[in-house]
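Per-chain residue numbering starts at 1, and chain names A, B, C and D are given in the order in which the chains are listed.
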Amino acid sequence: MRGRVLSFTLFGESHGKGVGVVITGIPPGIKVSHEELVKELERRKGIPGLSTARSEPDNPIILSGIFRGYTTGTPIAVLFENKDVDSSYYEDIKDKPRPGHADYPARIKYFGYNDYRGGGHFSGRLTVGIVTAGYFAKKILEKYGIRIRAYIKRIGRVEAKQLTLEEILSSENPFCPDEEAFEKMVEEIELARREGDSVGGIVEVVAVNVPPGLGGPYEEDIEADLASAFFRIPAVKGVEFGLGFKVAEKRGSEVNDPYVIRDGKVVTKTNNHGGVLGGITTGMPIIARIAFKPTPSIYLPQRTVDLREMKEVEIKLRGRFDPSIVPRALPVVEGVMAFVLADHLLFRRVWELKSS
Amino acid sequence: MRGRVLSFTLFGESHGKGVGVVITGIPPGIKVSHEELVKELERRKGIPGLSTARSEPDNPIILSGIFRGYTTGTPIAVLFENKDVDSSYYEDIKDKPRPGHADYPARIKYFGYNDYRGGGHFSGRLTVGIVTAGYFAKKILEKYGIRIRAYIKRIGRVEAKQLTLEEILSSENPFCPDEEAFEKMVEEIELARREGDSVGGIVEVVAVNVPPGLGGPYEEDIEADLASAFFRIPAVKGVEFGLGFKVAEKRGSEVNDPYVIRDGKVVTKTNNHGGVLGGITTGMPIIARIAFKPTPSIYLPQRTVDLREMKEVEIKLRGRFDPSIVPRALPVVEGVMAFVLADHLLFRRVWELKSS
Amino acid sequence: MRGRVLSFTLFGESHGKGVGVVITGIPPGIKVSHEELVKELERRKGIPGLSTARSEPDNPIILSGIFRGYTTGTPIAVLFENKDVDSSYYEDIKDKPRPGHADYPARIKYFGYNDYRGGGHFSGRLTVGIVTAGYFAKKILEKYGIRIRAYIKRIGRVEAKQLTLEEILSSENPFCPDEEAFEKMVEEIELARREGDSVGGIVEVVAVNVPPGLGGPYEEDIEADLASAFFRIPAVKGVEFGLGFKVAEKRGSEVNDPYVIRDGKVVTKTNNHGGVLGGITTGMPIIARIAFKPTPSIYLPQRTVDLREMKEVEIKLRGRFDPSIVPRALPVVEGVMAFVLADHLLFRRVWELKSS
Amino acid sequence: MRGRVLSFTLFGESHGKGVGVVITGIPPGIKVSHEELVKELERRKGIPGLSTARSEPDNPIILSGIFRGYTTGTPIAVLFENKDVDSSYYEDIKDKPRPGHADYPARIKYFGYNDYRGGGHFSGRLTVGIVTAGYFAKKILEKYGIRIRAYIKRIGRVEAKQLTLEEILSSENPFCPDEEAFEKMVEEIELARREGDSVGGIVEVVAVNVPPGLGGPYEEDIEADLASAFFRIPAVKGVEFGLGFKVAEKRGSEVNDPYVIRDGKVVTKTNNHGGVLGGITTGMPIIARIAFKPTPSIYLPQRTVDLREMKEVEIKLRGRFDPSIVPRALPVVEGVMAFVLADHLLFRRVWELKSS
């Protein structure tokens, strides 16, 4: 992800030597710890018992950019070594693109030279790099009191009830503040798994204490930068802010948020705009929803094509699949949002001439 | 918008000398015409009679980059001069940010130095530059037989029926192939206008004959680049591809598109993925939906704050407003989509070593 | 030129509607004036009487980004309209590339579609856009007390004597502080002109009061960014900093600048490094020298090739040429240096977390 | 280094876990080998016996982007692990910036948080990443028959005689085709070493078979991109192309290269322009000279400042230093040049619409 100040590049393949990330632009002097990073990465494991995540212990090896517990300001490289995995199975389906996966378009893009084993560079495992980048971005946001919280808004047919910001931010449940809905969500995932299938969902994410004035029109639009970052997360098919698609059904008089004064501060009475107007933050909480499709890997037999023999065939995938990636996506969504916000927050300072 | 090959920068303010665009990266030797460009710009006028667009004749003055009817390969600068406009009214509301507009966050971002008259740099008028950039991008796509068509999917409570690609591409109606729904949409807009209000809507856009292999994972994700471009259009609050948010309710077995062979070509039986998998085009039509909020400018009285006196006040806007910008957004949506596709299409060639 | 904060794009052709520039990233609230800009542009005219610059009055039309005498923070577009020029002559030499000019490589790059009249997009006239961008950058540097001064170090066989910083900065002579040498330089140019020839030269530029800590290693290297900017000026063939090429002949013990304390500040006793070490400013004056080749346009007959008939021919150029562009290059050199320094200066602030 | 197609990011510190590089944009399907890469890296060792390079065996661990001997098209990450080094010595000089090194400006840029041991991120060891990136770029150039060769033009007072392209390209001597001069250069380096000093030099690099039409004016200037890349190599203080600084002394009639026809091809009779006109390649060999300063690390006592106690002190450096880095710079110079040329070569293809 290339920002104005912060950037990161993911590298690695699922069955190669390892995966990792190189992050540039992180300011020097930020206290960080291996433990905190590991803890953040743990969230990628999803719902205990439910998720059948690859058992790989996500152990980050910090190669550079950290010195005596503080960021140095130079590129931060973090490596996650892969444990040897049996890749033989992938030879069987090498020429049979898995429906819903990137196999087919990737084969065309890379002229067939890509490492197809376990999805190669497209493996969900690459998201450890995103969460790592997000960890460092969050440390920057902390200094400004900005907090981000993502939760599961919907799994299949189960949707969480309308929650207040307070409920979202204070919830003990790491997945969904609506305990009742959460139980049903777990059942929904369990059911999909039992049937050898998978299920999609929606993640809602909020960011509070974001100062007004971040972003800008057109090229600087922070809503566009956030949407762009969300869509770079595998399996995302939709993104909306504030009222989102509901604005289409409404009148301007219903959607426009009136300005009011609260405790001497200018705020909007409602937050239908979701914290961004004209591409610029208003100081109100940023609220976004991201739609994730069901894990394309399922146990049910599927129709596809044998690209070598150019004939239609049926495949049955083997391995351990997540019936839903939504729970595991929470730290990834928070991570990219933190990265974009931190980037705009730092960049915002370039115009503050006076204090110089 | 900064692409890998193509970029454009919008400049100008609503009540300044003019607005315009500078486009870079357009290949030399493309036949273009002032007439075609003007025709494309005409589409920005919206539904005749209904739209109350500023009467300004959008006359593009091509300053550079075109020589004897062909693009030269050097930057294309196009200027649209502003006719003198009475700006006095804006002095009254200078300190009273209009709800739903960028007035308030812009004032903070620019420390109060921005030209607030008529929305200044945030004026919808700036989209003439986007349509202009889109015109040149479309000329590139033409050479590859790629076609883009946007139409109104929804206005307020009225939604067009499910349409086939053929219906969408062949329709004579420039706004919506579903004539019946279109009539109701017009009524919906009329109604909003009569009530001094405005109404939102959804634009669906399709691109056909897009070759597979465009885009890539993470940084190269073409779905993310398209979403990013759509969100940079003023008033957009949601973007989705293929099934979009509906994927959240479904099972993997329902969402995964099986591969089949048709006329010796590999295609997917269904197109729930909307033409992009893993950030890469599959060769199937790209389908996206973009949600537009109601025009924030309405005649009904609204609550806001006088920022100088820091007290809540009521404002009643004067001027000529569009009860819905959705009809006028069609060429803008097509324009940014064409720009992103052309950029990826041209960039795709950098890896074709063989033919060199 | 694309910086981290500031960027500008030049557009236009010598015999087209006009030339200009669009500048982005300039902070809002900077007081600017049309008069000052015109005065800066006047410097591009070169030595009165000597230079035979196109009589075109460089009248900048500010299209956007300035409101009531202050920058707004939105893109600044400035247009310079071309007066009608007789282009008929260029038809004769259309297929006969002028030696030393970009005619031949440009014809290949643009597949023959470029506007070849008067050099088209490669015309020296485009530098009005660079000087304009430099003007705004200098206004930023002013706020930090940074001063830039370029002067003619050499013309043909005449070189100015070694000058002190004080002499350079305080000189009344806008072209060269060494009056004696300047007289000889004028003669050298006069001589070249009388002989229908042209002559090259060297510009030395200094920047004082640049804070230490700007730039960085590798990608952030400010020396590389400055060199890159200098080389983008037409006719530049060499760039060096501090001792420059002389370092090749010397020992480390001669070149290393010892640190000393002066008035409680850490400085270097000598300034062989020219203000930059490891790509980062040290706080010492930045000193660079830029070599300009003689104007390729000369009256003497030259050998070239008729590309259509593919045979060698002789051409004799007609028109009004500058026997040396060096005097006219001074504001251009200062302009790009100001732009790069202002960009790094503004960007430097993104890491200053504390004061937030 | 960020190109249009190819980019690389260096990471790591001299005394950290390791150093490395992540390269993006390399096309898939390029046959590469670990052996070839190691061989290229060996050239960084400099003149056998003379250079006292850190004995570290430069063993590249390819983490990603290569699959079964071919590039995959996904990011290539290469790691060089550091052997444990005794860093205790650096604690002594921690607050005493070494003259000529980046110690002092780096301390300011990074607010004192940078890893100062062994120069940290500024260590010459980081150039293994540049040579690695250059290796992959050269594999691309090979496909186009483009060859790059760098040699030592000068060491201290010894300069190689004027050499023909053939002599340069066919020489068996990996450091300098002028055997006689080379012997003297070795003596010059030996002498400097015996005296506890170091010595600078000049590298000349040539690239042949570069097609015409690469690059462009202003932003696309390939001369500027090459200069920019050369200046990002540590210790570079000057860069020139073709006649370089000599153009300042000459007349246009001497400098302009006449076009002639040779074997039915358009070429220039002379090559004073060094292969680039108006920022675009002409098809003639690209010739550049790069000035390297003497290694700042010397054994002679030097004056500096104790930044903690703010008083002037003398330091005597300990360790194993290269009396000249010039011989070791050859593969680095070739590497960055290959990277820039490959980037422009690949990018050039985006405009070739016809063949699509």
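The working rule: contacts are C-beta pairs under 8 Å (C-beta built on N, C-alpha and C of every residue); 3 or more make two chains touch, one makes a residue touch a chain.
Keep in mind it's a predicted model, so treat the numbers as computed, not measured.
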item: Number of hops, chain A to chain C, where each hop joins two touching chains; value: 1
item: Per Cα centroids, the chain farthest from chain D; value: B
item: Separation of mean Cα positions, chain D and chain A [Å, integer]; value: 39
item: Centre-to-centre distance between chain D and chain B (centres being mean Cα positions), rounded to whole Å; value: 45
item: Whole-Å separation of chain centres (CA-atom averages), chain A against chain B; value: 26
item: For chain A, residues that touch 2 or more chains besides their own; value: 9-10, 24, 28-29, 73-74, 109, 111, 121, 217, 219, 351
item: For the chain B and chain A complex, residues of the former touching the latter; value: 1-2, 9-10, 97, 99-102, 104-106, 108-109, 111, 121-122, 126, 154-157, 192, 195, 197-202, 212-219, 221, 223-225, 227-229, 231-232, 234, 236-245, 247-261, 264, 266, 268-269, 273-274, 276-283, 289, 291-298, 300, 302-305, 307, 310-312, 351
item: In the complex, chain C residues that touch chain A; value: 4-5, 24-25, 27-30, 73-74, 140, 143-144, 217, 219, 346-347, 349-353, 355-356
item: Complex interface listing, chain D residues touching chain A; value: 9-13, 16-20, 22, 24, 28-29, 61-65, 67, 70-77, 79, 109-111, 113-115, 120-121
